[in-house]
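These are the structures, in C-alpha cells.
In what follows, subunit A forms one complex with subunit B and a second complex with subunit C.
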Partner chain A sequence: MRVTQGTFSFLPDFTDQQIHEQVQYCIDNGWALSIEHTDDPHPRNTYWEMWGHPMFDNPDAAAIVFELNECRKVYGSRYIKIIAFDPSPGWESIRLSFIVNRPSEEPGFKLSRTEIKGRNIQYSITPYSSDKPQGSRYK
Partner chain B sequence: MPDGDKKLDAKARYSAGVLEYKKMGYWEPDYSPKDTDVIALFRITPQDGVDPIEAAAAVAGESSTATWTVVWTDRLTAAEKYRAKAYRVDPTPNNPNEYFAYIAYELDLFEPGSIANLTASIIGNVFGFKPLKALRLEDMRLPVAYVKTFQGPATGIVVERERLNCYGRPLLGATVKPKLGLSGRNYGRVVYEALKGGLDFTKDDENINSQPFMHWRDRFLYCMEAVNRASAATGEIKGTYLNVTAGTMEEMYKRAEFAKELGSVIVMIDLVIGYTAIQSMAKWARDNDMILHLHRAGHSTYTRQKTHGVSFRVIAKWMRLAGVDHIHAGTVVGKLEGDPATTKGYYDICREEHNPVSLETGLFFDQDWASLNKMMPVASGGIHAGQMHQLIHYLGEDVVLQFGGGTIGHPQGIAAGATANRVALEAMVYARNAGKDYLAEGPTILAEAAKTCTPLREALDIWKDVTFDYASTDAPDFVPTTSVS
Partner chain C sequence: MANEVEEKVVKAVSEVNLKEDFQSSGVADILSELDNSLIGLEPVKTRIKETASLLLVDKAREKLGLVSESPTLHMSFSGNPGTGKTTVALKIADLLHRLGYVRKGHLVSVTRDDLVGQYIGHTAPKTKEVLKKAMGGVLFIDEAYYLYRPENERDYGQEAIEILLQVMENNRDDLVVVLAGYKDKMDKFFESNPGFRSRVAHHIDFPDYSNDELLEIAEVMVAGMNYKFNKGSIKAMAEYIELRRKQPHFANARSIRNAIDRARLRQANRVFNNSDGPIGANFLSQIEDVDIRQSRVFSGGIDK
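Let's look at the complex of A and B:
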C-alpha cells in the first residue's frame, strides 16, 4: 500500500526539481521550512523526528533540497516529509506538508477490533512495521 | 435624503395618541454610530405613498422599543438610549422603489452570547409590518464588544487541519447518495469506498436522521467501521459527518455522545434545529474535541429573494458567532444559487480575521472578528473534477469541496470517483504552487494528470460538458467601475 498522508501523495513521487518548486513557493510566502523523518507512519504520529531546526530566513530553496539529500543519506529507508510553518497571526501552524521520501516497501496498517458492550467496536490502527524496534523497521 | 422633522419637546412627544415613528425619535440623521453599536442594514420596499424615511424609522422602532402608539411608560426609562436609530437612508442603485436603511442599536439592547435574543429583535416582529411591502436584512456590523461574548467556531480551520493532519489543499468530501433509503450496511459501503479512494470526509445528508430504513445507531456503527477501515488502508485520518439532528436536544446530545464514543472526529447538525440548539451543540463540540458541521437546510426560504428575507451573509455571520466549524456557502460553478462576487463575500465572512467594507462583494460594513476561530466553508452541489481549476480560483484553499454525484456516479465505481477528484485536486494545487496560470491552463493540467490516472481520464470524459449557467437571483447592487486615468 501507499501511505497517502500529505498534500501530494496521489501524484507520482516528486523529482528534486519539483520539490525545489514547491519549497520556493513556501519561501515566497514567508514560511519556514523543516525536514522531518519517521519509521512510524501512524496517522496520529504527530511528532516525526526533526532533521535540524526549521530553516528561518532562508531565501534559497536549494538549501532545503541539499539538506533533504543529506537526510536521505542517513534515513533513506524511512518516510521523510517537508513541512512549511506560517507564523502569521491567526494561523501560526503548518501550511504545507508533503512526503518526499518513502520506504521501498510499505506494508501498511493492521486494524484491530475489540468488541465491547452492545454492538460497539473499539478500533485501533497499528503500522505492521512498528512491531519491530525503532530504527530497524525498514530496510 | 432630507433630514425629516425636527425633534419635538417632551410634552409634544409624550402626549397620548399616535405619532409618526420619525417624530418619536427613531430617525436621527445626525447620529454617528458608536463603536459599540450593533448596526443593521435593511433593504426596505415601502408601500406606495409611504415616505422611505418614515418606513426606516418604523423598522428601527419595531425592531427596538416602539409600539404603534405613544406610551407614557417610556419616560420611566432612558428611552433615548434604548431606541434604535435610523440614521441614513439611501436609494438603491438599481430599483427606485427600494432603499437602504442603516439602523444603529445600543449594545445594551442585547443579551450577551445569544443569537436568539439578537434575532428576536432584529428580525422579530418587523418583517410582517404592514407599511412595508418587503424587507430584507442585508448586512450587520457586530461590534467587537459583542463578538467577544460568543464562543465562536468550536474547532476552527487551523485546529481542524492539525487534527486531520491535512494541510495545503482543500479538503475533499462527498454526500452519500441516494440520500434516503439505504440500509446502514449498504450506506457504510459508500463511505468506505469513497474514503479509501481518497476523500477526507463523507457526509450524511440533511434529512438522514433515524428512519424506518436505517436507524441512527446502525448508521453510526457501520459508518465508523468504514472510517476505520479506510484509515487503515491509507494511513490518513478520515471522517464522516454523522448527522445528529433530532427532535429534541436530549436526543441530539445522546447521538453526539455515541458518535464520540465511537471515535468520530466530526458530527453534523442542520440549520433548521434553530439558533439556540446550534449554540448548544457548538458548546458541546468545544467540550468534546469534535468538529461541528452545519448543513444550511432551509436557508433558501429566506435568503434567496433579493427584496425580502435575510441575506445569507448575515446568516454566515450569526453562525460564526454561534460556533459551527463548517458551513455550506456556495460553489459558484455548481447547481445551486451563487453569484461569484456575492459568494466571495460569504467566504470572506467565514475565513477572514477582518472584513473591510467591500460593496462589490456585498459587505457593507467593516467587521472585526476579534480572534474568533475561522469557519471552513463547504462547496457542495453539482461540482465535478473537471472544474477543479475554477473551484480553486474562486474558493481558495481553506474549503471542503464536496463531490457527491461527482464521486458516486463515476463509471468505474465510488473509489475510482474519489481518486479522480483527489488526483485532480493535488495536480491543480501543485501547478498553482509551481507558478502556473492554472485557471487558464486548467484543462491542460487536468489532461496531463489524467495520463497517469485512468479514473480521472474517465471523469473528465463523462462530465466534460456539464455546466450550470443560470442568471443569479442575488447579485451585488454595486459593481466596480473602471476608473479613468
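Let's look at the complex of A and C:
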C-alpha cells in the first residue's frame, strides 16, 4: 500500500529534476528547506528524524538535492520527506512538505476493530512494518 | 531513454546565429564592460574572451544536437595581490550565468578558514556547507594553497581537499570552482595535488600592472569616489607609484586604493584646518599634491 501524505500526495513520485524545481520554488519564496526521514509510516507519526540542519542560506536547489542523495545513501530504504519552513512573521510554520523517497516494499496497515460499550466499534490502524524494532523495519 | 532522444531531435534546429546569440545572451555586454572597467590585464581579457567563445560555440552545438560532454569550467587565477583576481571572478560568475552554465551566478568567496575545521569531524560538514552555499554559482577560494599543509600530516586541510575534489567532479553542472593565489605557491600546490591540476581546465595568469596603468587606475578610483586630481597631484601620484613599487608589501591596485584612502584623510584634515567661511564642492573634492606628498613613502618608510 502506497503511503501518501503532504502536498503532492495525489501525484506519482517525483524525479530528481522535478524535486529540484519544486525546491527551487520554495527557495525563491524565501522558505528554509530541511530533510527528514523515518521508518514508522503511521500517519499520526509527526516527529520524523532530521537529516542535518535546516538549510537557510542556499540560493540553489542543487544543494538540497545533494543532501537528499546523501540521505538516500544512508537511509535509502526509509521514507524521506522534504519540508519547507516559512519563517515570515505570522506563518513561522511548515508551508509545504512532500515525500521524496519510500521503501521498495510498503506492507501497509492492519485495521483492528475493538468492540466497546454499547456495541460501538473503535477502529485503529497499525503499520505491519512496526512489528519489527526501529531500524530493522525495511530492508 | 528513447523518449529523451526523440525530444532532442525534435528540439534540434538546423542552424544557429552565433552573432545573435552573442548579443542576446548579454555576453557582449559583459565582455565590453570587462574591457572598459578593467585597466590593463590584456592576457586575462584575451583568455576570458576565448573561453566565452568556446562556451558560446558549445551551447550552439548543443542546440544543433551535436552533444558533447559538458565542459570543465573550474579555473585557477594566479597573480600577485591586488591584480584584480576577485573582480574578474565576479565577472566570470556573471558571464557563466548569462551563458547558462551556472543557474544563479552568485559568487561565494572563501579562504582556508571557511573550509577547514578545528577538530576531528568538523571539516567535512563545514566544507559541505560552503559548497552547498556556492551551488548554482561560483566558489572562489582565495589563497587555495593554504588548504594543503604538507608539514603537518594531521592537518585537516587534506580532508577539505578530498571533499572539494569529489564535488568538483560529481557536481560539475552545479558549481564552478575558482582557485586563486600567488603564482609560485599555486604552482607548488598543483604539483603536490595532481587531482586539482587535472580538474582545473583554465589557468589564467594575472600580470602586475605597469606604472602607467596604476596611475590610470588611481584616476578611475578617485573619480569613482567623487574626488578630483589636479596636475600637481597626478604628478605626485605617479612619483608615489614609482617609489611604492620598490618598497615591500606592494599590492598593485590595492596599494593604490589604500594610498588614496589616506590621501582623502589628509585632504579632510587640511580642508578642516584651513576653512574659515563657507566652502564649495570643488574645494571639498580637490586632492592637492601635498595630500599625497605627506605620505611616508616619500620619506623612505613603508606606508602600511
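The rule we apply is simple: the second predicted complex is superposed on the first by the 139 of 139 C-alpha atoms of A that agree within 3 Å, B and C clash if a C-alpha of one lies under 4 Å from a C-alpha of the other, contacts with A are read in each partner's own complex, and residues count from 1 in each chain.
Heads up, the rule we're going with is that a contact is a pair of C-beta atoms (placed from the backbone, for glycine too) under 8 Å apart; a residue touches a chain by one contact, two chains touch by 3 or more.
The structure presented is a predicted model; accordingly, all values stated were derived computationally and were not measured.
Undergrad: What is the contact status of A:Ala63 with respect to subunit B (first) and subunit C (second): first, second, both, or neither?
TA: Touch status of A:Ala63: second partner only.
Undergrad: With the two structures laid over each other on chain A, which partner does A:Met55 touch: subunit B (first), subunit C (second), both, or neither?
TA: second
Undergrad: Of the two partners subunit B and subunit C, indicate the one touching more residues belonging to subunit A.
TA: The partner with more contacted residues on subunit A is B.
Undergrad: Name the contact category of A:Trp91: first (subunit B only), second (subunit C only), both, or neither.
TA: After superposition on chain A, A:Trp91 lies in contact with subunit B alone.
Undergrad: On the A-aligned overlay, A:Phe109 touches which partner chain: subunit B = first, subunit C = second, or both, or neither?
TA: In the superposed model, A:Phe109 contacts subunit B only, not subunit C.
Undergrad: Please identify the positions on subunit A that touch both subunit B and subunit C, taking each partner from its own complex.
TA: Touching subunit B and subunit C on subunit A: no residues.
Undergrad: For subunit C, which residues are in contact with subunit A within the complex?
TA: So the residues of subunit C touching subunit A come out as 103-104, 106, 125, 131-133, 135-137, 171, 173-175.
Undergrad: What does subunit A use to touch subunit B in their complex?
TA: Going by the criterion above, the answer is residues 1, 3-5, 7-12, 18, 21-22, 25, 41-44, 46, 84, 89-98, 108-111, 119-123, 125, 127.
Undergrad: Can you list the subunit A residues touching subunit C in their complex?
TA: So the residues of subunit A touching subunit C come out as 52, 55, 57-63, 66-67.
Undergrad: Within the complex, which stretch of subunit B touches subunit A?
TA: 158, 161-162, 165, 167-169, 198, 217, 221, 224-225, 228-229, 231-237, 261-263, 353, 371, 374, 419, 422-423, 426-427, 429-430, 433-435, 449, 452
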